[in-house]
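Chain lettering (A, B, C and D) follows the sequence in which the chains are written, and residue indices restart at 1 in each chain.
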Amino acid sequence: MPDTRRNVLKFIGGAAAGAMFTPAPWRLITDTALWSENWPGVPRPLRGEISARYTNCSICPAGCAVRARCVGGQPVSLAGVAGHPLSRGGLCAFGVAGHQLPYCPGRLTEGLVEAAAGAIARAAANCNPDAAGTPAAVCYPAERVAVLDLRPGRTASWTYRRAMGAVKGGLYLTAGGPFSGAAVDLAKARTVLSLGAPVLDGWGTPGNVLAERAHFRLIQAEAIESRTASLADQWLRIRPGSAPALASGIAGALKKAPVADMAEATGLTEQQINDVAAELTQHGPALVLPGDDCLEAWAINEQVGGFGVTVVARTEPPVPEAWTKGCAPVTPLASVADGSIRTLIIDESASGDYIPWGGIRRKLVADNPVVIAFTSSPAGYARHSLFVLPTAVYPETLEDIPGAIDSPRAAFRMAVPLVAAPAGVVNSSEFVAKAVGLDAATALRERADAIRKAARGVLITYADGRSRPTAQVAPDDFWKALNEGACWIDTEAQRAAPPAADWTGPGARPAASPRLPLVAVLTESATAATAPASPLMTKLDRESNLRLGLRRAALHPETARSCGARDGGRAELETSLGKCRIEVVVDASVPRGILQVAASPDVIDICGAGARCRVLPL
Amino acid sequence: MDKRFIPAGISRCSVGKFLLWLAPWAAMLAFGLYSAGLCLVKGLNQTHMNNRFAFGLWIFLDLTVIALGAGAFFTGFLLYILKLKELRAVINSAVVIGLMCYGGAMAVLGVDVGQPLRAWFTFWYPNVHSMLTEVTFCISCYLTVLLIEYVPIVLKNRKLRQIPSFLVFEHELHKLVYVFAGVGTFLSFFHQGSLGGLYGVLRGRPFAFREELGIWPTTFFLFILSAAAVGPSFIVLTTWLVEKISRKRLVKPAVLQSLGRISGMLLAAYLLLKLVDTLVWLNRTTPRSGFLPAQYYAWEPFGLWILFAELAFFLLPMVILLWPKLRARTGWLISAAGMACCGVAVNRFVLTIQTLALPTLSFDRFLQYLPSWQETGTFLAVLAAGVLVYSFSFRYFVVFPEERELGAAPSAAP
Amino acid sequence: MNSWGKVPILAGVLTSLCVGWIGFPRVIYKSRPQPVAFSHPVHAQKAGLLCVDCHAPREDGTYAGVPPLSRCAGCHTANLGPSAAEKQFIAEYVKPKREPEWAVYARQPENVWFSHTPHIRFAKLECEECHGGQERSDQPRPYLEDRISGYSRDIWGYKAANHSRRVGASPDDFIVVPGMKMDDCIACHRSEGLEHSCLDCHK
Amino acid sequence: MISEKKPGKICRYGMAIDIDKCTGCGACMIACAVENNVPPGNPGATDLTGITWLRVFKVDNGEEYPRKESVYFPMMCQQCGMETPCYLVCPQQAVDVDPATGIVFQMPERCLGCRYCMAACPYHSRYFNWWDPKWPAGMEKTLNPDVAPRMRGVVEKCNYCHGRWHAARQRAAEAGLKDIIPGDYVPACVEACPAGAIQFGDLNDPASAPAKAAGDPESFRLLVSLGTEPKVYYHSKKEWARRIGDPSRAPAPKEPSRG
């Protein structure tokens, strides 16, 4: 019996020895090692013809010119267009990864399209007694339809105005604010005083700002050491929310008035305030940029003679005659009577400054208002809407981008589709127009033709880098060029002072209260926060500490200790307006008693400028 | 029931007792294998290592364990090359311990690398400049040597001896034992050294970087010496432990004492060189690379104390072991041996963990690192496996030849 | 004292030799037929086409490799011949405009950067020197893929039987596929003195 | 280096970075990740386990307001030209230095993930794939075909966008040239920087920006005292900023500070 066992053992031994002289074991070792090169999970990049395509970035109103490197037609990387007169070849971090927006996880691709269309049509009919089919309907003054446009000045905006014009009692609303009708000219400015505006952090056209940066002295008045503050020539560390006080202080100083109490309010010395005032007047043209819409600051521009020089009236590209007739006027949201809107259509597809929901809600009728949001992200107004309609994102859309705040000359450029939009998304403006019986499918083409007809300015085509007078381009070529990546720039217009700021002040600010010890300071420009961002942005926040990152709030170690929050811990941010979840980041560079929080819609909703708040660790 | 396997003339506890003893270790092994499996399947994100703390608990333990395992080669060297006959009493035990230590270290390395399937590349495309290549080659070779040295111990088993061919084989093998001892010693000198070199060559880490002697940094030689010094101490420690656990006299006290003496002498030599090296490093090497020695110890908890602790852990045992009166007392001997082992652990800890914790860039920060339970578990697996292997060897093979004549007190534990 | 002596050992050795040399090579490769029964000779002779007529570099210099359907559809708008393969090709691919899923014999691992341009322009290599006598392959041989590593069998280079449909084609008609392993590339680069580092070819 | 045979044209590519111009916008980091197929951070990733071949740090002069000054400081692999630490320690030649370009390069398919090179690198510019690379559904369409994606368990690092070097060589070959057309090869970060703070060039060419920076008293390199001859030159007019590269500068703040 042991013999058989022994023989089996011998057999196995022999087999093992023999195997060594076959390719099998060696090949298996090699293959497993090779398998580790492309085991499941390691993707294979697509191959194909490499080409360059051109467009304009529509993530934010800057509309930088973009060269896309495409493989088999699919963009794989984006870069600026060197020598572009407006964007100066620059592209921000968000723009560089723009081609990945269509693949953001959590992106909306379906919604109750028909129902929403019905709702709009019904609302329009209710407002419009003489619309066919609804003779009995009556229009209540308090039952108005309104479109809230986060990025005015687009062709889409005109479509909305026409659509609302076609509806009796239809409203076209914008955020308003001092800059709604104005643009600034950094090239002219020698001194720039920013009261919390993120001048060097995504404000205006990044490429242009950086190119002009060398020519002006930048004074940043801000409570925290923001990116701009740390890079400014001078940083005035003021108390949070005291920007208006500083503004009126400077205004006073310019009139040689005493500034003692203002110094008190801002935490600066009188000397400092007087010095700033002096600087604004002494070194040639000055420019004052209000951060969160503070009118006092805006007024200083007039005092220092900036109007018509560094601050000019914004001019728009020519518009077809027909559009201007009977279109709804531009109304700032703030000037609408509270509780007067029944049906509100919010176009969030083109990001702009996010308005706190509280400011909007007040304008709606109290009992079940109908809110319809056009957006690609569930994070914004979608949270407050009855209907959410998915829209295409850059670079799927064909849309034009209004002139940026820092380009005094009118410009017309379009973001052209580089990839196909998923089925089920809608074009917001055309959708609204259609719902009220207006065809706006060719609006962009009409606009382009109107511009071409005016025959002013030049057309810059990116592929060949040429710049031709508009008059020399045939209408069809003009349109074709715009669709292949081009930009029309108006001739230098007569510089006019901007229209008086038709706007009454910021929306509801959370009131101070003893049980809310901290002051919330929003960083990261709201535009960047509400604009969709590529998943790669983790490189900037979580994988390095360059940005704070959404839903993260930074505290000084001592402050953190005092409210029992630990680094990386989850916590609840509470203000008088509400609560939201945040992740705590402990950072010694944040002043004590301040909560530096990244602006995302849910945070903006509850924190106005300088909101009091507290942090409750979870 | 397993009497026929237990060496003749040696009494061992009952099977039940033995299994009872094994159970906890087996459980520990199971847990360890689970956590190791997690690291292999889910990847090294299961550990608390990161891009800055690229090496963690595992590398530290590998270095320590291999230093302790040095007893195997050094005892062999003393016995077969320097003919210190009385060490025959512990050589088998030394071999088993060496096998455990080296086997364990290799196993952990297998988990530590991100792509174990490619581990053989090191043999196929070796980079001769790299200390790690040297380590890999020497350790894997020496592991084979240890296995070969282990075979005779296994073949001496009562049952296996009945197979004549095995007996012959064992006899032939035994003739070669001197060769293996020689080869083993040579290899061990090398890999102990290159383990030291591993960090000594890191020009980018001035805290670890050392002057070169010939083609090797000084840590190369310091590691050889410290390993050789601590190896015997570890043998003393383990033998004593086994005696306590099995409640038996396994070796003559004289043997342990002479081991202790050797350990002490080597510690003295090591300490001397270590002092010189430290002074050179602080006053010459560090300033040259633009760093201030003060910076090394500016960060709590790694203050200057750790440097002195390191030295103290070698100094005290040295004194005790070189002092015949103290050495003669088991208590002193054992505690000295224990301290020496701690000393080498601290030394390896400083070189691995503290090196990585210290910032090199002026704007960088000091890092803290605590191993995850998966990391700890994997290490526990090695420990448990070691104990199990040793227990079996002790029960079924002749690990301590002198045990028989030292008389058979009634057996208790394994 | 044991019954069979060395016999079991030898048996063991023999078994594993057979398994290792005969069984294993068959098992390790997954065979996959090409979608279309394409004949190089037919296109070369009947249509008088050259390699570059279909396998041409693109404007951007990258190599097109297997031509897209559009290239075929240029001629194969309707049945050009009576063959069943022709019918099937038209019906399944040309009409529905479906790209044939060709398996590329010479597909290299992802981390290899290879550009035809310098090899054609400077080294003056002929297609055959790397791709073998494809122009003689009258019927695309099945694509063999290593089951574990997932790489093409051709990379290792071998002598493939050329199953010819031509009348009187000799049964021992082979297509020698040269190896395309890293070593093969290095050998040539080294002989040309163009070997500097791994970065020459790896990405 | 496999053979010592010298290629046609020997370059020593390097960078000149003006940290006074850098605004820390991070466009370079994103462009880098896009170009080199670096996946978005795993949900568990932190600034210690993430992968950022190029990382921008915020460094201040340690003073308090109002004397406090900060700079943004882009750091990629410094491409050591002497005693290259990572190259010397890799046990299986997964790290290579190209004699033709001076570029230090990691071969992920050769790497066994022992991370010895990471311990060796004084600049911490090597990154380990702690997780399997994962892209959101559909996003793998945007991967760059000139760069091979890495797998879990290997080390990767900046290689001056080597894929672009290959592409440039191909374009040169198209034009019948053996050497790259000057200026045709530029890493992604250089192209992306809206402030023009990063410049790239051949240190062997005296006219190139890095070569000029090498001679500029206001330029500095990181940890030169280690003798690894990094090929990235930084420039600043601020005296304190120039001492960032000096290891004996006062130790970093004990309080945790982002950046």
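Worth a mention:
Throughout what follows, a residue touches a chain if its C-beta (ideal position, glycine included) is under 8 Å from a C-beta of that chain, and two chains touch if they have at least 3 such contacts.
As the structure is a computational prediction, the values presented were derived from the model and not from experiment.
Every chain gets a centre from its CA atoms, and the centre nearest the mean of all protein CA atoms is that of D. Subunit C and subunit D have CA centres that are 39 Å apart.
Centre-to-centre, using mean CA coordinates, subunit A is 31 Å away from subunit D. Once the centre of each chain is set as its mean CA position, subunit A and subunit C turn out to be 52 Å apart. Residue positions of subunit C touching 2 or more other chains, listed in rising order: 62, 109-111.
Touching two or more other chains at once are residues 32, 35-38, 42, 44-45, 47 of subunit A. For subunit D, residues that reach two or more other chains under the stated contact definition are 46, 50, 57, 93, 109-110, 132, 147, 149, 151-152, 253, 256. Checking each pair of chains for touch leaves A-B, A-C, A-D, B-D, C-D. For subunit D in complex with subunit C, the touching residues are 1-3, 5-7, 93, 96-101, 103, 105, 107-110, 146-149, 159, 162-163, 166, 169-171, 173-174, 176, 178.
Those residues of subunit D that touch subunit B in the shared complex are 42, 44, 46, 48-50, 57, 59, 73, 83, 85, 87-94, 110-116, 118-124, 126-132, 151-155, 222-228, 243-253, 256. The touching residues of subunit D, counted against subunit A in their complex, run 21, 23-27, 29-31, 33-35, 37-38, 40-41, 45-47, 50-52, 55-58, 60, 65-66, 68-70, 72, 109, 132-145, 147, 149-152, 188, 191-192, 194-196, 253, 255-259.
Residues 29, 32-33, 35-36 of subunit A are the ones that touch subunit B when the two sit in their complex. Touching subunit D in their complex are the following residues of subunit A: 36-39, 41-48, 71, 74-80, 88-93, 95-97, 99-100, 102-105, 200-202, 206-207, 210, 225, 227, 230-231, 235, 237, 534-540, 542-548, 554, 557, 567, 585-589.
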